[in-house]
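Per-chain residue numbering starts at 1, and chain names A, B, C, D, E, F and G are given in the order in which the chains are listed.
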Amino acid sequence: MEARPLDALNNARGKNVLVELKNGRQFVGALKAFDIHINVVLDNTEERENGQTKRKIGTVFLRGDTIILISPSA
Amino acid sequence: MEARPLDALNNARGKNVLVELKNGRQFVGALKAFDIHINVVLDNTEERENGQTKRKIGTVFLRGDTIILISPSA
Amino acid sequence: MEARPLDALNNARGKNVLVELKNGRQFVGALKAFDIHINVVLDNTEERENGQTKRKIGTVFLRGDTIILISPSA
Amino acid sequence: MEARPLDALNNARGKNVLVELKNGRQFVGALKAFDIHINVVLDNTEERENGQTKRKIGTVFLRGDTIILISPSA
Amino acid sequence: MEARPLDALNNARGKNVLVELKNGRQFVGALKAFDIHINVVLDNTEERENGQTKRKIGTVFLRGDTIILISPSA
Amino acid sequence: MEARPLDALNNARGKNVLVELKNGRQFVGALKAFDIHINVVLDNTEERENGQTKRKIGTVFLRGDTIILISPSA
Amino acid sequence: MEARPLDALNNARGKNVLVELKNGRQFVGALKAFDIHINVVLDNTEERENGQTKRKIGTVFLRGDTIILISPSA
């Protein structure tokens, strides 16, 4: 059983996740790394808009304080 | 008797809660995990809009600093 | 005599308080718990709008950094 | 001589102060308590708008991070 | 030689300074006290608008996180 | 394997990165330095707008809390 | 070689730098002092607007959390 939120992120390592930012932007990529600030690194990342791929940006570092949600079931 | 706010969240573990974000978005799901930053993980999550299900997103990690309220009586 | 702000909240435990958020929303409920971040749990909570009950939401956890004021004389 | 800002607040204890918030709201009341976060408790508080009393709210706890200024010469 | 920003404020103690806030408001007064959060207390303070005195408010405590700049050469 | 987000930045040292700020501005330059706050220094920096060079600003220090993302694959 | 962002600021001590704030304002002056919060003191400061001098304000203390970028190549 998972008792801490970061356990859920740990279980999602290497899997595709959806990351939504405070400004509404959405990124989908493989969760490569995260830390306690919820800074996140994604691989093979696509930025999405209205459910469609807007651009492919490979590896991306997303600063934690801009993140609203991370969904491992992307 | 509960003396600390996090006790109320602890009592809600495994139960359905409503989470409202600063940008007005609403999520309902089973409270799986939380921490002192009020980072929250929900299971079987639905995003709601005007009282209706907008989309189902399974497991979701919500960053604490975007959260306004959590209501265990959802 | 009360020297610290949290003493005022402590005196209001179990009593009805008005909580106003940064986005203008208002909640009235019995103050069940609070902590140094001013995270607050209310019981028998009503959300109010223009002085009238908008909805009843039972127990609610309000994240401290969204709170502007708490008035024990609600 | 006062070397620290909180000394000025300490000198104002029990006296009427004007507190202005980031959203423009103004409160005048007797300064009952404050802490290092500038959380403040006022007694016999009046909310003011355009220099006039808008409502009387007795005791009020104001969260420090919403406060712009406190003027002991209210 | 000054190596730290607070040294500049220390040199301005007792002198008139201009303080500009994030919301555009401007205050000019004698710098009485400050701390590491840049909380500031001014004496004989005037609020200015478009270069003109808007109101005189005597002593005022300004919370540091609302401040953009402090100019000792006011 | 990289376990921490800052490892991804470390691997990008000396290489061109794209940095996007909360206000939408974009900078491309060689990543010279970063710290745990994600303060960043770029060399040979260009500010970009709509995919085109807006101005060249040589070395630039970008404060971490204004940064949304850093993409080493710029 | 510089490994930390503050090294870049240290190298710019006494030289003219451009400082841009979150609200779009721009200041150019000699970098006199800075600290880990990126609080900055400039000497012989000019505020600029659209590339032109708007006003001269001598010495100015700029609070770090309002700063977006500092460019030593101003």
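As a convention for this text, contacts are C-beta pairs under 8 Å (C-beta built on N, C-alpha and C of every residue); 3 or more make two chains touch, one makes a residue touch a chain.
This one's a predicted model, so the numbers in the text were calculated from it and none came from an experiment.
Participant: Under the touch criterion given at the top, what is the topological distance in steps from subunit A to subunit G?
Facilitator: The fewest steps needed to get from subunit A to subunit G is 2.
Participant: Counting only Cα atoms for the centres, state how far subunit B is from subunit C in Å.
Facilitator: Each chain reduced to its C-alpha mean, subunit B and subunit C end up 19 Å apart.
Participant: I'd like the Å distance between the centres of subunit B and subunit G, where a centre is the mean of that chain's Cα atoms.
Facilitator: Distance between chain centres, rounded to whole Å: 42 Å.
Participant: Of all the residues in subunit D, which ones touch at least 2 other chains?
Facilitator: Residues 65 of subunit D touch two or more partner chains.
Participant: Considering touches as defined, can you lay out the ring of chains in sequence, from subunit A by way of subunit B?
Facilitator: Sequence of chains in the ring starting at subunit A, next subunit B: A, B, C, D, E, G, F.
Participant: What part of subunit G is in contact with subunit E in the complex they form?
Facilitator: Listed in rising order, the residues are 21, 23, 25, 32-35, 39-41, 57-63, 65-66.
Participant: Touching subunit A in the complex: which residues of subunit F?
Facilitator: 2-9, 18, 22, 38, 64-65, 67-73
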